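This report concerns only the one structure given below.
The letters A, B, C, D and E name the chains in turn, as written, and every chain counts its residues from 1.
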Amino acid sequence: MVVEKTIKFRRLIPIIWKRMLKMALLSAIIVVPIVYFDLRQFTITMQAPLILGTAISIFLGFRTNSAYDRWFQGRALWGDIGGCTRNTALLCSRNKEAYTNYKTGKESKLAAIVMPRMIKRSIALMWIFNKQLKDLPPLEYEGLDNLLEKEEKESLAHSVNPSLQLLFNQGRDFRIANSEGQFVDGEHFEFVAIQREMALLMTRCNGLKNTRFPTHYTYFTDLFVWLLVALLSMSLPGEESAGYWSIPIAVLIGWIFSMIEGIGNFMDHPWTNNRNVVPMDFLTRSHEIEIRSFAFGDTDLPPAFEPVDGALY
Amino acid sequence: MVVEKTIKFRRLIPIIWKRMLKMALLSAIIVVPIVYFDLRQFTITMQAPLILGTAISIFLGFRTNSAYDRWFQGRALWGDIGGCTRNTALLCSRNKEAYTNYKTGKESKLAAIVMPRMIKRSIALMWIFNKQLKDLPPLEYEGLDNLLEKEEKESLAHSVNPSLQLLFNQGRDFRIANSEGQFVDGEHFEFVAIQREMALLMTRCNGLKNTRFPTHYTYFTDLFVWLLVALLSMSLPGEESAGYWSIPIAVLIGWIFSMIEGIGNFMDHPWTNNRNVVPMDFLTRSHEIEIRSFAFGDTDLPPAFEPVDGALY
Amino acid sequence: MVVEKTIKFRRLIPIIWKRMLKMALLSAIIVVPIVYFDLRQFTITMQAPLILGTAISIFLGFRTNSAYDRWFQGRALWGDIGGCTRNTALLCSRNKEAYTNYKTGKESKLAAIVMPRMIKRSIALMWIFNKQLKDLPPLEYEGLDNLLEKEEKESLAHSVNPSLQLLFNQGRDFRIANSEGQFVDGEHFEFVAIQREMALLMTRCNGLKNTRFPTHYTYFTDLFVWLLVALLSMSLPGEESAGYWSIPIAVLIGWIFSMIEGIGNFMDHPWTNNRNVVPMDFLTRSHEIEIRSFAFGDTDLPPAFEPVDGALY
Amino acid sequence: MVVEKTIKFRRLIPIIWKRMLKMALLSAIIVVPIVYFDLRQFTITMQAPLILGTAISIFLGFRTNSAYDRWFQGRALWGDIGGCTRNTALLCSRNKEAYTNYKTGKESKLAAIVMPRMIKRSIALMWIFNKQLKDLPPLEYEGLDNLLEKEEKESLAHSVNPSLQLLFNQGRDFRIANSEGQFVDGEHFEFVAIQREMALLMTRCNGLKNTRFPTHYTYFTDLFVWLLVALLSMSLPGEESAGYWSIPIAVLIGWIFSMIEGIGNFMDHPWTNNRNVVPMDFLTRSHEIEIRSFAFGDTDLPPAFEPVDGALY
Amino acid sequence: MVVEKTIKFRRLIPIIWKRMLKMALLSAIIVVPIVYFDLRQFTITMQAPLILGTAISIFLGFRTNSAYDRWFQGRALWGDIGGCTRNTALLCSRNKEAYTNYKTGKESKLAAIVMPRMIKRSIALMWIFNKQLKDLPPLEYEGLDNLLEKEEKESLAHSVNPSLQLLFNQGRDFRIANSEGQFVDGEHFEFVAIQREMALLMTRCNGLKNTRFPTHYTYFTDLFVWLLVALLSMSLPGEESAGYWSIPIAVLIGWIFSMIEGIGNFMDHPWTNNRNVVPMDFLTRSHEIEIRSFAFGDTDLPPAFEPVDGALY
């Protein structure tokens, strides 16, 4: 997520100079003959570019809206995954209390192993799913060794979907903890609800990842911007005043619409590992710090992530 | 779902050339007499086409928005159906554990038959509902034999709604598995909730299928685009410069609005078996692979679907 | 719901000719003196109609959006009522199984009467509520005799709200079926949830029926369209070219905006018994067919409803 | 809620004539010197008013949308409060059955007192909350004596929030009814859910009441409309034709935008006791009639409310 | 939250005069040479500024919408947190009744300590979370001593997240109260649901706080407004009439768009401790007053907060 408040043009220029040059060429091919040979009979009035300009504006308004919604939906999904992890910790941690079997009233040694493991696994799941969404190696995060037992971590290496595998493993530990009388009725339902919620949230994150904004919209928006540059180049020199001056004006309008479209394209993919990504590392680390502090009383906590070069990852 | 990043014009031209030709004819019928006989008194100023252009732009903005929403609603509904299937697998699978009756503590042979059957049936249900939504033969998918018992599959052949029939059958097996003590309380509610959710999701998918975008909107949007071409043809030759040149400009504007409208029409039907369909085959297969891998440890899994000619089905 | 793909003008003309004539008169009253007596000093420039045109376009965009949302909300509410009915059938039907009391393990004769009655009553409720929303006699549907016991049907004749009465009756039968041990815990909650959901959905349907789109918006939108026709009539003859020709152009623009507004008015009322109604008959019949087939194995099912004259009811 | 289909101008004129007069003055101050002294060099071209007109149109589109959403949210909240009341009646009424304690199988005399009291109290709560939202004396409704026991009603007179007090009282009666074995498990949860839902809905209604549409938006929208009138007055006389004629045109445009803004302001406050209020009296009375009819078999029911002077309260 | 109905310009001018001056300079740099040296060949026609004006209007419409949504989402989140607190009070308070253990039928002394503590803690949580969201010292609120036990308050001083710590503490007290038989089944689930809801709501509030509106949108919107001022300065002097007069007009249009953008920036941050903040102090205090009155019968209640200098905090 970009957190700096200005955009550096040195970042932009490498991305856009080719397109700008092509637009200038297109405009020049139309404007130069009209001005040089004075072919004013081939110019057009301002209706066509105005109508097209309005149409593109509204189309880009829709496009911007959708891109923004997709990005914030991604952000909200990751926020809710964090909420589920917090909830797992609320359910499975004991605040300086023993893991008492509520049916027998005795302390359960097994639960004291299994339930902290579930809390840690839920954090590990966030890290692994984070990497999967970014198309990075899923087990890359160096802190995984603190969160997963060695054997479990190794078994993930060959899994078709390691984060989903962990969700299945949570189910197994839940059955153990439950048979140890760790969940008074309500909390017990709650855990099942968390599993359901996680299954759904993960499906939705994947849905956002593999369903791109429809190609038709991006392709034709782009085409219409080029047509607008062409129409403007036919229209601007038609009046007395502007001559070759029409070229930069047409390119400027083209650049503005291209920028709006480009930001939309950039926002569209909340999981892509670039400056615009949902700050999953930052959020997962925050949850890791808070949960380890409250659930286990850990004090040697890893530091929070800081923005790198104006972007938070 | 179209996944290629450009639209091939060779695909577009067969669809649109007739309409373009008609628009050119309409424009010519108006422009040629005006220019040839110099009937400038019958031209109009730019207000009417500008106002109409703005109105159509906003109308198409609404139309595009709705079409996009319908498509993504379809995508989201199918995603949630997948989530329900995942959840069924989470509830009914045992991760290398026995199917223990939690009331008696003994292993249940009947549950070991019924519960894997339920998982497989939920995948079969996705395949069959997928085909029903596309108006294909419901039992067409060749992999059904691995997912449904022969007898059950045959009984579907004469059903008025095979996927809904399977939902009823899930209910019957649930009652068996429950009486075998397979669901600790919470999971038990959860299965009932999945049944409810599936009934609702399937009703909504059908709702999207049989409730088209209102005819009034599509019909009049189309009509207004033709009127705009006519008004432009009356207006463009009114100024000194443009003469016959007005015809291609009017057609170009008409084409642009027709394209925006056409994409909307195309997006409107997320279940139609064309290049734009929600990639139900791909998604169902993904769930099939993951669930068979995690719930049964299967290793001879069918391959994931790949895009065909730039579209994922 | 209109299902034909074109709108027949013969249907439109009786509705709109008066308004068109009035607009032509208004326009003529302004244009004729200006052109005939050459009163160009009373014409205005194009700013005022352009600004008003943009404002009306955006206002109508909002209006169209709201109308469409209302219609689809109506459609969705009815879809969810259907989903609740499906769910009632899933809960209360036994798939060729006996109605076993899960507490005693014995078959319950009373449940075998009550629970099918509940399924049928839920379908009857849809039919009766359907008629109530359309302001038709609630007990009009001829198939009610198959769905309700004679005595219960008669008691509805004097009810202040027959469909709500049936919901209360469902509650009574639920208490009987429950005391006969027909609902394992989860399903039991589920039925209570269906009752709650139905109470809410029915309240919302009524809310949509008795809360019209605000009069202020419809009234002033209409007024602004007339003002636009007037302003256009003052503005169009101001330029050299268009003379009497201004009248049909102003009327055309007026007609277009009136059409957009008119469609919105038409879409606004999803329960009105006209061509645009949510196809409640069709949907209720579909549920009746499927549920009777799956829950009771009935084979002499009533036929599905077909569109009449291009509209589905 | 306004239910008549036309707006009477005699209602409007007292509200708007001052503003119109001020706009005419503003316009005249600019137009008269320009025309009288022929100061055309101080006129401006049409770009500035067109751009501003478009900007205001879009801004007012947003404003209209928000106002409409707020009003309908208010309507929906009240509808859902009605749904909760219906649900309370469904849960607590017995349809000509006795109030049997499901644990002992005996009739409970205490429940036969407490549970009808709960139903009546839920209707009383709607009446009192209705008055509180309208800033009227909370206990004003004359029918309260039929709905609340005298002692309870009197205790409300000194309460900081009488409707919330009743919600707490419902909780107390619920605990009594529950200990009398009146709620089979599911219904029991349901009542707790109703309490939660009511707490939330009432918080949201208050939120809508005490969070106005942001002052910044209303204030600047208004200012921009005045600026548009000024810019139009500078721009309209610049062309040859319109002279003093510019004044009414500028005022007309100003009036149109003021009307759109004014309707928004009017719609913004769904609980204000004016012609535009959510028809809470009407809806509460409807629920009172239906519930008293179904739950108690009452026949001497109060009449439904009718519109007064074209508005339903 | 600003509650006064007008905006004082003396507040605005210090914020905007620099920007206005820069815009005037930019405009003058372009306009003066054109007018002074009569360089009309470098002016442009009105198409470019009109198209850009429309594009910016739509872009700002989107921006305004998003900012408003964010603010109201913040308001709604805080409203729901208040709803959860109300619910905690409904569940844990006894209305002049004893804290009876429903399993033993005896009064529980422990519960009479723990459960009022839970109610007070939930109010304390609101105060502390309120301060955390505003980046103020979390324990600043002087009334905390009435709401938290001394020991608990001190333990928060070193917590990484004091409000989340309190949520964990609620869980511990819940387990005590539950083991004392204070929650009949349904209420018991309800409390678990409140914990879940609070975890989610707090995550979402933080999400709103640390996810700003994308920099790309704010940065480029700003840039486009400057470009519009430049284009207007090139375009306005091109016509005969306006000369130096073009400068204030261009600046006026620039100011209007800057204001719309600026309000959006201001609304974007519902938790920032300025005049625009969600009135968390006011709302928390209201809940404190009501809950202390109803749950404990307290009468020496703190006063409600009043607006300060036209804003409610």
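Quick note on the criterion: a contact is a pair of C-beta atoms (placed from the backbone, for glycine too) under 8 Å apart; a residue touches a chain by one contact, two chains touch by 3 or more.
Since this is a predicted model, take the numbers as computed values, not measurements.
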Residue numbers at the chain A-chain B contact, same meaning over half shared and different meaning under half, come out as different
When centres are defined as mean Cα positions, the distance from chain A to chain D in whole Å is 38
Here the gap between chain D and chain E, centre to centre from mean Cα coordinates and rounded to Å, is 23
Shared-interface residues of chain C (touching two or more other chains) are 46, 50, 54, 57-58, 61, 185, 189, 193
Among line, ring, star, complete and other, the chain touch graph is ring
The ring order, beginning with chain A and continuing to chain E, is A, E, D, C, B
Listed in rising order, the residues of chain A that touch chain B in the complex are 40-48, 50-52, 54-55, 57-59, 61-62, 66, 159-161, 164-165, 167-169, 171-172, 175, 178-179, 185, 188-189, 191-193, 195-196, 199-200, 203-204, 206-207, 211-212, 214-220, 224, 227, 231, 238
Counting only contacts in the complex, chain E reaches chain D at residues 1-7, 46, 49-50, 53-54, 56-58, 60-61, 64-65, 68, 71-72, 75-76, 79-80, 82-83, 86-87, 90, 93, 95, 97, 102, 184-187, 189-190, 193, 228, 232, 235-236, 239, 241-243, 245-246, 249, 252-253, 256-257, 259-260, 263, 266-267, 276, 289-290, 293-295, 301
